[in-house]
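Before we start, here is the structure in question, set down as structure tokens.
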């Protein structure tokens, strides 16, 4: 009874080790989106990569086990024999649960630490770790973070720069090497602001100031999409001409924008807007 | 529960218009099984109903805490008079209590049981009427917006809906206390149903405290 | 016996299937099956195109392009159709007969005309006394007086349409004319940013979300 | 043949009693439903709310459904009680015989199981057609194949229809049919609730199918407000249909829980309960207690749309977050309602075809109940980016990832059972192994989504869409098909063609994986869900997906042909025990007698006690009754 057990286990173990190593090596070669344009996207790429590497051995192990047992433990054609009479092995079960628990806790730990690190390298004066800050209480400018309001409406995103007398723009321009605080709000239904290369996604709710953070590291353009079903043009609600530009370019751009905005009767900047009218019936 | 322990009399051959009732005809009619099933099922149903009402109370406190656009209680909106609400709650409690009392005596004296059941039914119907009256004189219009009016109408509405169902069931119970009713099942299901009446009354009480005082 | 089951099942089944498919076939609005607006070629130069549109408070009050037999005659709409075909890399001149009253912009930012040739549009309109006026504008003075906008977000074209003044004589229209440049070929959507879908929450339901009314395609070939 | 499966039996109603109950059948039901719809519309529109006539449609659907239930015979029992008429015993034989009984109210759990099976397969077909139309539109990145508004209607129809199917497709057919056998009872606890839980489904499906006639609804299955309140009358189909399905979940759960708790035969201890019953049991817990919350939330939507209240209108003191919270507090247990019975099926079938005891039975039960418990504490992982109380994210991240512990137990149990077993690769076994493979991918991708930073990138993208398709289609649907191949002979008395079955498995397995695997890539390459247009650079990828999706649909058509042919055009009666397994339902004759057990059996050993030198029978039929 013991002998075949051990041989089976040994074969499986060796094959599993070899294939897992191969898989992990391949996984290490991957370079995953969303890329390296911001601290957040670097973190997310790294986490995705880490998860792929962690899940490779699991995947290999399960598939290997299924295939192996299908071929090794086959019922002879036409025969009707019973397998060995084993009702379980407590030590093995405990070990299994413990291992999965440890892996899960590691993952959760990484996630939580990254949550808190979401604003690392930023010089926020507020003591509250931004990831743990409830939405709304970061409405004012803190430290040297650039405050950008994202206004979602059916079906376009516009952007207001609170620090520059709340000028409004069709496209999102950000200076490089800056800490940006996004205040995402909506003037009608739910949308979700997804700046893909920046690694930013946050829902836009009417009457809510949803705060999220990004630290830009590289210049370049990025795509903005809506990631929450918002009606007929949800799919078309995207803008590929957002860009992270150098500080100087940003300064010139924002001054030009302020000039253009002079002729527009914009309302005073507010953290969020309650859409009106609430029309029902005709 | 107490009446659940009442020893079952051997199933007598009750007949109705010369025909045996459920008690004696069903080949696998087992009184204790039916009683157990009814007890377990009612408890599960009551827990499910707790979840149902929990959603409404969650809505109340959630919207009240958010107070979006300062429109939880729109300007000029006032709570309905507490007197009417109290009447509704008392009637609901009275209905449940009377029913409970009747369910106790249902094995011993059928006559008192029927009396109690009738009183419970009347109390429930009165409760229904008063609630309708309150709806017609709210003092605010949910169509004009506001979180409180919405929750008030919704919570009271679904409660009234369940009360209506309970009253129909109660009427059925009264009908079953007639001589040709299936008297074997009755005491069990009567006590079980009492639990639900008490549950509804409790919800009414909590809703009263929440909607009129918080 | 088993054939009975089969027949009944198949019967119910095909009935429901017909319901399902029918739901999509029957209710497709006219404007989808209708051929796109004929693009009148302007005189100069041959590449340029001219589009004539009409905006009405409800389809059945149309003056320039009546659309009888419309499934929703009371809906606010662009007419005659909202699927426009224009040549690529050309200048498209648009004339819009605006007959709808003001609904007002929720985001006043759209009061500014953007992405059009010269940055201004020409408009004949009626002032508060109901006198006809005319001029070139880069934005409408009061965002609350906007009736609709003609917006092609992917081309950066946003044009506000002034609402007809209450003092204006009945059946009169504001005529807005502007032109924009089409880029490379492709399918672009265009829409209105004024919450004008009366009767729906935040005014963005119904016609705002139905092709052929306040939503359409600009097909650049 | 199904009708032959259940011979006549049980005391039929006597003519003198018949006249006291209303004459009811499917036709009266349909007639009353039409009348009720008309009356409801008239009343609703007469109320005169400024609501785009939503009240009329809502009341029309509601009255139509209620009167349909009355017409099909659900009013007879309450009326009989109300007027003191004698009541037909729950064990009475059906009024109807032959095929007609399957289209009428029946209190026989076997009939209800088959009704459920047929209804679910039909609904699955409609959802599949929706999927095909969706993939057709996504063949090209521009928006002209299906106009975008119609595309959203398609997406919503497909999603809601498939949610209907997934939430009832195991507990409905197989739970109702086999749980009474497995626990050794002749009756369900509440046969009328059981029947009600089925007869709420056809109205729900038809009401949903009617949505396009009212312009459809653009919200997907999540029905987020306020977009849902912008939608036209089509969305009222969502409200009523989903409420009906929720009610069906709740009442069938109450019936199932009570049956398993109260009606187990002697010797059927909790530790002998077949693991499939445990799966149905835990799913029923979730269904019973989660569905009422959905009902409440949907009633709020209905009030907002009909009475113009403002539960979800933030400008008027409501909040869209209220809907998100209530919906997902139901919605996350809901997805475990899908998968728990699937776990049950897989862990039930693997021991039988491995001819080895279920390895770690108690651990498996703990795993199922652990998922049941944890699933109440994870709903906000659907709202990680919604802006609700970011301080709660770490907790929900942890609880979400902890669910992979009990899920891992299921895999451990499967492995322990396969280890050194004697596996016979029958078609059900193939689908069980396919389940393990697909659900592994689904589960691993779920971990990607559970960690907030990676979820920020993947949330609401095709990655999450591929994730839940791997868990639901690759997981639950595979388990359902395994169960159909396994139990079909006992349910209908006809065996499915196993050669076609093997072809079906490999075809479906390959097509499914090749169709959905690339969607993970699409999600990582910033393709959001529910879009009718996408970046042209993704066209080749989407065309590949569409191609294999068509083949996936074709494989299901092959399955449908197999089922229909074997069921209706194959005269050969299946053997009583084609699989030679220990589970008690196979010890009964085929076709099944009207009464499950002439004498309630006494269970003497577990259903998985393989490998014994001299195995005891799973149940002892009990002594002969003493001659009266």
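Quick notes on this structure:
A, B, C and D are the chain letters, set down in written order, and residue numbers restart from 1 in every chain.
In this text, contacts are C-beta pairs under 8 Å (C-beta built on N, C-alpha and C of every residue); 3 or more make two chains touch, one makes a residue touch a chain.
In this text, all values refer to a predicted model and were calculated from it rather than measured experimentally.
Should one ask which of A-D and A-C has more C-beta pairs in contact, the pair is A-D. Among the other chains, the CA centroid farthest from that of subunit C is the one of B. Rounded to a whole number, the gap between the C-alpha centres of subunit B and subunit D is 31 angstrom. Chain centres here are Cα averages; for subunit A and subunit C they lie 37 Å apart. Between the Cα centres of subunit C and subunit D there is a gap of 43 Å. With touch defined as above, residues shared between interfaces to two or more other chains in subunit C number as follows: 189, 199-202, 204, 209-211, 215. Residue positions 188-189, 206-207, 231-233, 236, 274-276, 278, 280-282 of subunit A are each in touch with at least two other chains.
Looking at subunit D, residues 49-50, 52, 143, 148-149, 218, 226, 230, 308, 310, 313-316, 319, 321 sit in touch with two or more other chains. By the touch rule above, subunit A contacts subunit D in their complex via residues 4-5, 8, 32-34, 40-41, 43-44, 47-48, 51, 55, 58-59, 62-63, 65-66, 69-70, 73-76, 79-89, 92-93, 96-97, 100-101, 104, 107-108, 110-112, 114-115, 118, 131-135, 184, 188-190, 192, 194, 196, 199-203, 205-208, 210-211, 223, 225-236, 274-276, 278, 280-282. The part of subunit D that touches subunit A in the complex is made up of residues 49-52, 143, 148-149, 152, 218-220, 222, 224, 226-227, 230, 308, 310, 313-316, 319-321, 354-357, 359-363, 385-391, 393-394, 397-398, 401-402, 404-405, 408-409, 411-412, 415-416, 418-425, 433, 436-437, 440-441, 444, 447-448, 450-454, 456-457, 459-461, 524-526, 528-534, 580, 609-612. Across the complex, subunit C meets subunit D through its residues 1-6, 8-9, 12-13, 16-17, 19-20, 22-24, 26-28, 32, 186-187, 189, 197, 199-202, 204-206, 209-211, 215, 217.
Considering their complex, residues 1-3, 50, 52, 98-100, 102-103, 118, 122, 125-126, 129, 142-144, 147-150, 153-154, 157, 205-206, 209-213, 215-216, 218, 226, 229-232, 313, 564, 567-568 of subunit D touch subunit C.
Residues of subunit A touching subunit C in their complex: 151, 153-156, 158, 168, 170, 187-189, 206, 231-233, 236, 239, 260, 263-267, 275-282.
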